[in-house]
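Below are structures written as structure tokens.
Two complexes, one shared chain (chain A), two partners (chain B, chain C).
Our next item is the complex of A and B:
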């Protein structure tokens, strides 16, 4: 709970509980669907078309584990901040601080990438209509600023807008699928002429795992809404699992269409693969639909990212892991407005770099560190509170198989990142190590110990 | 015996301001490192994995769609996307080098594993403070 002081009185103001499963789906899929419109295709560059498909399926397995684990823990730990709140209750304050930073960096970098795509698409379309040299940067600023304002004004409207534009972006992919006539191979889709063997062999497939994460990165963001849904035990698992199914379908059809239209070398480096796919059909209607789909997917993603990053930042402020100034809730709109505004310049600065692959790598690595935590956290959760010791909203099957699978897949993805972006991996590790030392030796003294455990659970086993 | 409840100090506004600046500076340092990515790679000696740019200029005279391994369908798609054989050659010839430097791999593994060991060890120490105060009072 956050406090706003007015005229000498301290009034406690909560976030509003107004969201249902549809909003949870919109939050999860809204953040991720842009990954089908751009970014996933860098996995084609690293491992070829088939390498990307194999990566898509393996990473789909990783995210299914994430969704299963997340649904159990989040439906039990219903507090804003999602995995951050889980880490606080299950592992400890330093881990929670790091998880909060993973979330903020993963979502803020994704938001920057989304804004970059909006700017790049506008510049591309301007070039195609005879207006070469359009500067994409004002569009980056405009996108982030408008969405930050929307988030500032209230969560219900933010996620309702996300539901509408995410649904349109998803159906744009379906329209393209119908438009390329998959029932008539060779007319528009030319898989037999365009698909090649693995260009780098199996090492390329492993390397492709890194950008394969982009197909799904952010689905775990559904649990950021835990404190604002009417029924966390029902809405979070329903919204997350239906979101994961939506993304698996979208990932497969996206890959199928793109590799049937473009040589893999081109597909692996373009910023706008699905828009390019529409251009290659020579169908103006499809080009317009995919322009709208790309813009909407990027906006929906950036919108959801602002929502999630600000909740994580807000939660850390509320617990004094960061200055408590960030823990303010707007007295009228009931949103964490200071957290929303503070992250705006960070997103714009990263968007201004224009380095889409670097920005995506930062986001992916932050997400990957978070997934590594989740697998270890799940095992700790079941060990400290065995089944039956507390009320769980949902119990995922086959434990510890999903947690162990997740850990193995994370290790493989670290290796994949090492192949090509090893220096980035070490740079981001340096950031988290410095931040951890700063927290333990400086910020931790401001933290109220007992307040870090708010769930009505018994003492954990072994403590 | 009940543990004494820890009373954290109240952080003044100026302290909150400096902490906000510190964390912002840390984030922007990571942005700076990403902008200096090539220098960082050279500094760390990370050679493997980078994408070697296609040397199209040197072999421009010899480049044909066939020599680039492109069949007529691929050629048609490149041309539809606005590429000539020369501009496509730069993209097609840019290949990843997946040779692995064992020392860099070991250093990376030690850093990642060491980081998580540090996190869990220190977190557990802090967690015992939390549980002690929550349940023993």
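Our next item is the complex of A and C:
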């Protein structure tokens, strides 16, 4: 039996510490890269090609702040659950409960959306080969099932697979870049003919911000691996920051290729912009490579989402914010197997709705709420535990500028979301208010209040 | 080609069912073989930073 004896007294089974910076990179970039293959292009519909580029850079700044803040806090709070565990230690239980829910909903819905993409791609290919009307549901279920199985069997193999398929998906974009010959403008890329002024002015650029998040949404998921990396203080900052650099590069080359190949009116509407870009080159090799890249990016994203959602659910169970039954660790595979299993039907149910845009909007809004928390959390963290009071694996520069920038950027993105999805924004706010009331009046009485604070930190400054 | 997609569709259903069944059966087996106390005995992560703090390091 793979149980671990702690201090020679109590036999415990903990999650396995086997991951390195490469796995952290694979987790973060793996979740996000699908956003380069689809979704980001709706920002072109809102703000035109240049509006999308401004959104890409503006939101890139937001996520760079997220990555820096996350790296510092996670290098200190080395616990599964990521931002949930951070909120618990730094802000308090009600915030932690809400952040935990943001995480589980954001990742489970994104997983469902990824599985839907795989199903839709299979149906598209079937249609192109003369088999119209293929039911995508078996492929949605199979995608969720095989990735859940992989996650169930162990985190090392799960994230090693994610590394391989994410790297292939990234290099597929690089292959396309080489294929469109950027050194010879006018042969394939037609930037001078296709680029226009801002079609809807600056309000269009603001509206594009919401979809600009697709370029990077999910990079903060790296910190869910904190309890399973061999050296959280080193691996999490290294994996997260290198992941963010990878995504900035991928975002820029994606935008550059797509806007040089198709007019913004078409680019803003298509569901598979990079696959379409390959089709426009009329090169069979590039079409096959981009089809593989699209499928792999969706699978890598779903795989990372299962990993992250299950860790957040598991951590909440371990602290009794949810029934402790969910806090079980598999004695052989050392994974949170009950949390993984429980979330399978939830993801399939979201997938079966077929409402890709609604599922994704709910996922993005949950993520945005999480980023708002992170800026407030960072300011509280530095105020309560100033530099030098506790050991930090990474210290981000220019504090409080990144936290304040993140807060301002979040406010701008809320406004942009309200312009496009006001009803969804209000609905999700109402949901979290109801959940908070339930937690405060019903669930919190089950929590063992002293047990949840595990970090051997000094008392916070001022307490 | 028609047969190929039909086979693939059934293969996906059967594969998904087999994987889900395997996980459920394994979870039931684990629940029977190990005590609940042991299965939920995990404690929030420890790292070298934590160890350094415990020893009084900063």
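The rule is simple: the second predicted complex is superposed on the first by the 452 of 463 C-alpha atoms of A that agree within 3 Å, B and C clash if a C-alpha of one lies under 4 Å from a C-alpha of the other, contacts with A are read in each partner's own complex, and residues count from 1 in each chain.
One rule holds in what follows: contacts are C-beta pairs under 8 Å (C-beta built on N, C-alpha and C of every residue); 3 or more make two chains touch, one makes a residue touch a chain.
On a predicted model such as this, the values are computed, not experimentally measured, just so you know.
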Looking at the combined model built on chain A, do chain B and chain C fit side by side or clash?
-> fit
Go through the superposed model and pick first if A:449 touches only chain B, second if only chain C, both, or neither.
-> first
Between chain B (first) and chain C (second), which, if any, makes contact with A:160: first, second, both or neither?
-> neither
Under the superposition described above, what is the C-alpha centre angle at chain A formed with chain B and chain C, rounded in steps of 10 degrees?
-> 110
Mind working out whether A:283 is in touch with chain B, chain C, both or neither, as first, second, both or neither?
-> neither
For A:242, decide between first (touching chain B), second (touching chain C), both and neither.
-> neither
Check whether chain B or chain C contacts more residues of chain A in the superposed model.
-> B
Using the touch definition from the top, say if A:327 reaches chain B (first), chain C (second), both or neither.
-> second
Of the partners chain B and chain C, which touch A:126 in the superposed model: first, second, both, neither?
-> second
Chain B versus chain C as contact partner of A:459, first or second or both or neither = first
Please work out whether A:388 is in contact with chain B alone, chain C alone, both, or neither, and reply first, second, both or neither.
-> second
Which of the two partners, first being chain B and second being chain C, lies in contact with A:194: first, second, both, or neither?
-> first
Please work out how little space separates the C-alpha atoms of chain B and chain C at their nearest point after superposition, in whole Å.
-> 13
Chain B and chain C contact sites that coincide on chain A, given as residue numbers = 324-325
List of chain B residues in touch with chain A within their complex | 5-6, 8-9, 11, 13, 15-17, 19-20, 22-24, 26-31, 33-35, 37, 40-41, 44, 46, 48-51, 70-74, 77-78, 80-81, 83, 88, 91-92, 94-96, 98, 100, 104-105, 107-108, 111-112, 115-116, 118-120, 122-135, 137
For chain A, which residues are in contact with chain B within the complex?
-> 45-46, 87, 91-96, 98, 105, 190, 193-194, 199-200, 203-204, 207, 261-263, 265-266, 269, 276, 279-280, 282, 320, 322-326, 342, 346, 349-350, 353, 355, 358-359, 361-362, 372, 376, 414, 418-436, 438, 440, 442-450, 452-453, 459-460, 463
Quick one: in the complex, what on chain C touches chain A?
-> 1-2, 5, 8-10, 12-13, 15-17, 19-20, 22-24, 26-27, 30, 34, 36, 38-50, 52-54, 57-58
Where on chain A does chain C make contact in their complex?
-> 1, 3, 6, 10-15, 75-76, 78-80, 85, 122, 126, 129-131, 134-135, 138-139, 141-142, 144-146, 148-149, 152, 226-227, 231-233, 315, 318, 324-325, 327-332, 337-338, 340-341, 344, 388-393, 454-457
